[in-house]
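Next, two complexes with chain A in common: one pairs it with chain B, the other with chain C.
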Partner chain A sequence: MQTASACDSASGQKTQSVGLELLDVTCRFGDVAALKDVSFTAKPAEFMSIIGPSGCGKSTLLRSIAGLERIDDGGIHVGGKDVHALRPSEREVAFVFQSYALYPHMTCRQNIAAPLVMTELSALGRTPLLHRLSPKARHTRARIASRVDKIADQLQIGPMLDRRPGQLSGGQRQRVALGRALIREPKLFLLDEPLANLDAALRNTTRAELHALQRRVGATTLFVTHDQAEAMAISDRIVVMFDGQVRQIGTPDDLYRNPADIDVARFLSQPWLNCIHMDTAAHHLEAGPGRPTARVRGLPLREQTGVVAFRAEHASVHPESDRAEPALRVTVDRAEHAGSDANLFVTLQGSDTQLVVRIPSSDIPRWPGGTPANLRIDTEAAWIFPVPEQTADTDRDAMKVA
Partner chain B sequence: MILTLAAAVTLLPFIYMIAVSLAPTGALWSGSLLPAPSLDAARANYAYALTEVPLLRYMANGAFVCAMILVLQVLVAAPAGYALAKLPFRGRGLLFGAVILALMIPIQVPAIPLYVALAYAGLLNTYTALILPVIISAFAIFLFRQFFTSYPDEVLDAARLDGFSELAIVWRLMLPAAWPAVAAFATISVIAHWNDLYWPLVVITDTDMMTPPLGLAAFRSNGESTGNPGALMAGGVMVTAPLVIAFVFFQRHLIRGLGIGAS
Partner chain C sequence: MSAPPDAPTVLADSRDVQPEQRSTGGVLAFPAIFLLVTLLFVPSSGVLIMSLTDYQFGMSGFAYVGLDNYRAMLSDARFLNSLTNTLRYVGTVAPISILLGLGLAILIEAQGALRGLYRAVFFLPVTATLVAMATAWEVLLHPSFGLVNTALAGLGFDKQRFLTDPDIALWSLAAIGVWKMVGYNTLLFIAGMSQIPHDLYEAASIDGAERGWRRFTLVTWPLLGPVTLFVITITLIRAFSEFETVAVLTNGGPNGATDMMLYTLYEEAFRFFNIGLAAAISVAFLGFVAALSILKVRLFDRTARYV
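And then the complex of A and B:
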């Protein structure tokens, strides 16, 4: 498969894919800091996702890197070059917007060609009719046309080139938007929720294609999404942001196993993160005579403070009669089917704490509502976190901390 | 029913104008509602109007002045409307208020200072005197601003990343998207300035520089044609015809443009 960088042989310069470096980037809107001292480095050709709840500043960060938002402090280096004083078009970055942002009155061919037409042609060469006067413009136009054709082949949108964006489906528009980004051969791709407007089936196939395309082109990529599963699926590393700050950076596996704090753990948990106050957990797990001291990751619960947190997949339910190991006494509320697995929602006896356990779907009939049960925690996969501060967007989850 | 009646009342003078332009002078006094047309009289009337006064010259003047006014108005109003709609700057709200205020001031108010200024500059009896005072159209700025406001911001961001300058955004993205507004404004502007008698009357006295309405007024008042209403009406028909034809072509855009602008 032909890579986009090979298309550039005409100008004799092969696109060198270089990373991105952010140093204490700060951006304020009035009194509100949308970005606070954001620093991280992306390796060349790395695929990095930025995730976080809405309003955490992830889109602002992307726009700042592109030069669409003015930053108040800090430095941005794209491919080792300080881009602070450069205009958006000079930063060698390409941006794919959630809404695709195609030029509505231009054909797809003109849309894809636009970045080259605007940067490589003189004003005369861009003028309708008059451009025929300049032999140089004619030559440049021919080169642009052949590059558009190559990109269209790669993205399989050749037959749609002469239509306008309004006549295309969402998936096709998305490809045209990608084509417009690819043709610039940027050092850095910035993708702002490019899959959000596609339906579920298309999103999965497009996600895979996007990943393959990025590998082929080899450009550093920042991918903003609010869908943590999407980020987990295609990223080399993930940046988790909260309130304009970077909370954690790591590989998907890192983030899953070792979240830096309860917010990160919550954000990466489906359907939510189970949290139980330490005292309650210790009380429940050690109830009854002759119980051994309950431990999480080897730490005796009695000596800790904070909350015990664990994912739905790191717990199991057992019949009430099965008392072989320390367990939480719960009552089954209801089950939700989720394919081969199901989520079983239960309430901790003697409190209103709701917990969720992943069970095989085939086991649903064993746990009708109202059944008492024992819930065992995989104590090696659970965490102890400090009690979280109550903030507006975590209120729902904070309620679950008994 | 009321609309039909109103249309009939509006159309009647035009019908009478056409009828008179086709009839011999004597037939006007025959007492019938519409004078009987005759081919010879029509030929004589139109020939007289075309040869005795430089009617074609008036129409060429009018066409040139209207075209220049329109081009310059759009050249000024499109970037101004874009800045008011999409570029954040200090005092933008105040400036837009000033545009709306300017909408309410008729040309008669600044007519005397304008006349004095043009006289001092030695520009009376020139195209410049006809064109210059009206190239900044508050109505055009307002109309374009309303149209541009609804243009998606993400597309503008994409354009800036693709290397469009702010002016390239105006000419290559905003204006093509605002085509109905441009067509509506063009129709209104051309009708207004083709028909304008007031301003040409103030700054033009030279027959060679006259626009059609001023020329017709001069044709009527210079005495020799008072005895020839047929020729005068023939002149009127010829001066009105281009506008009517243009309106028939553009009325769809005119109505659509005003509809969108108002919503």
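And then the complex of A and C:
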């Protein structure tokens, strides 16, 4: 039960936030390990996203922290306290479901109040009409009502409080779900793809509001999403998961500039990560009289094994006649308009490797399909990765490596 | 659960329907309308008209007698006795079989490996032919060598004349009625419980209603509302229409102690050929069932909207 002082603190004030520490968390479903030795630490008040392809275990991880899944090994510490033996309601965490999971038979007011009603009122206090018999229950109910009003003000859902979830739009339901999470004044916010069911326009505004709300409330937040752009936009740090394991943890900038491996780089590339086999790249880049040894980040390609990988924005396309710099010889396939930029899709000559280059959209007319061209790589922004093992991690694995 | 639709489905306005669509619709609806009219509306109107006449089987003509049949019905001692018995039977069987069905459904769903077995065991009486089952009950409840009395005697109790003691007979039939209906109700409740989204239970466990009474009152019971309403209505109607056990086991006896509405109706119509009175009883019965159905539809519309 919450103490009176905790209840009286205004919901706008920052709650005392705590860190989260995961130590070798392992979770198995039968023979399948959904989580393998997951360890990381979230600092107090930090906004951390967990991203990864579907089935990578990110939701399982969040559910384990909430206590909705039993972990087989490892430890979860919220604010330095081991929560292993605690029930979900005792962990002082709030969970926002992708489906919102609002109680359909209750008004929004009742939905938001539910966590307090369930933990602070006795069975008598929860009974309609009969609760009037107990002065204590009356007092508690009044306090809960005023907290609901405060939360509703904060989320601007006051006018909808007496409606049922079925009468609200997706965005409004999402706010009610947030309200139900906020009213507990939790130490830890767990958000499981809370924006996935909103339409694109609403998602962008809601994500900004969510970020502002988190800053205002100051609760440590774990945010699960499969949308890397969403994670990059609002996170302090991002945890990238593949196959139930943490691959990399870092700030959005870290992940973008220094991906730990090819999977992470692929996951954070739009529309995809270009990969060319080392020998093919060297062959192309060194073709022509007097070309120097081809290097990526100073390393001679001939002495490396694996693939050369680079993003669409780290390459440029030039007319076939322009041979001033080492380049890959490609043929233009098509262009996709994306506002100020465009993605130009090309095929590496002499193979069926598809590559993509970011160009200004005003240049689209210069590159009709079938045009031969030279593709230059920014060799200081490209990476050399070992040849990836064929796993079922991502759709993009289907992309061939020449 | 995927994204719930934000806007309710808008039905096409009938003014937008083209004339040829209208006639196609008429053709498609004709078989159903024809069957409804010939099998339901014509016979019920016939009964309604007969209840206002002095028609007897075999007579060539009949005369309009107004509400005489209804007056006769309400002053008929046998009818009043059978109505009282029916209400006592319904008042016993319906609550017990509904609450027991709900309890069993919760227990069976909480059970792991044997879930399928329990479902089958409790549903069997629903699938069995009741006339045959009634005969089996007759053997079980036989005053001298029935299994139940043997057991009672073995435990040191007096033997009972379950079907011939006027104080017990109705409750014996009620027990068989519960046995017959509880499986169906259990199955309906199980079906209703399987429709409750799992994430609501997860939300409940985070909100502090992880198990037991809190969880039941926060999620299970409210979300079973529409199913419960359906179960209540169907059980009331089925209990009200009890006929087979009366006809097979007691013939309304001893001394009218188990006489029930449908059995009275049957005897008045086909044993005493008192068609006018039988028709009046039919109309009263129809009125009761119709009232229940209308009430259910009204309530269902109001409570079921959120599911």
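Assume the second predicted complex is superposed on the first by the 381 of 402 C-alpha atoms of A that agree within 3 Å, B and C clash if a C-alpha of one lies under 4 Å from a C-alpha of the other, contacts with A are read in each partner's own complex, and residues count from 1 in each chain.
Basically, a residue touches a chain if its C-beta (ideal position, glycine included) is under 8 Å from a C-beta of that chain, and two chains touch if they have at least 3 such contacts.
These numbers come from a predicted model, not from an experiment.
Colleague: Will chain C clash with chain B on chain A after the two structures are superposed, or do they fit?
Modeller: Partners clash after overlay.
Colleague: Have a look at where A:Ala327 lands relative to chain B and chain C in the superposition and call it first, second, both or neither.
Modeller: neither
Colleague: Report for A:Asn197: first if it touches chain B alone, second if chain C alone, otherwise both or neither.
Modeller: second
Colleague: Is A:Ile249 touching the first partner chain B, the second partner chain C, both, or neither of them?
Modeller: neither
Colleague: Name the chain, either chain B or chain C, that contacts more residues of chain A.
Modeller: Answer, by number of touched residues of chain A: C.
Colleague: Quick check for you: in the superposed arrangement, does A:Phe95 touch first (chain B), second (chain C), both or neither?
Modeller: Both chain B and chain C are touched by A:Phe95.
Colleague: One more residue to check, A:Leu344. First (chain B), second (chain C), both or neither?
Modeller: Touch partners of A:Leu344: none, neither chain B nor chain C.
Colleague: With both complexes overlaid on chain A, does A:Ser169 touch chain B (first), chain C (second), both or neither?
Modeller: second
Colleague: So, does A:Ala66 touch the first partner chain B, the second partner chain C, both, or neither?
Modeller: The answer is both, since A:Ala66 touches chain B and chain C.
Colleague: On chain A, what residues does chain B touch that chain C touches as well?
Modeller: On chain A, the residues that contact chain B in one structure and chain C in the other are 63, 66-68, 87-89, 93-95, 97, 99, 101-105, 114-115, 118-119, 180.
Colleague: In the complex, go through chain B and note every residue touching chain A.
Modeller: Going by the criterion above, the answer is residues 152, 154-155, 157-164, 168, 173, 176-177.
Colleague: In the complex formed with chain B, which residues of chain A make contact?
Modeller: Against chain B, the touching part of chain A is residues 63, 66-68, 87-89, 93-95, 97-99, 101-105, 114-115, 118-119, 180, 184.
Colleague: Would you tell me which residues of chain C are touching chain A in their complex?
Modeller: Touching chain A: residues 1-4, 6, 197, 199-200, 202-210, 213-214, 217-219, 222-223, 225, 305-307 of chain C.
Colleague: Using the touch definition up top, name the residues of chain A that touch chain C in the complex.
Modeller: Interface residues on chain A, with respect to chain C: 63, 66-68, 87-89, 93-95, 97, 99, 101-106, 114-115, 118-119, 123, 126, 164-166, 169-170, 180, 197.
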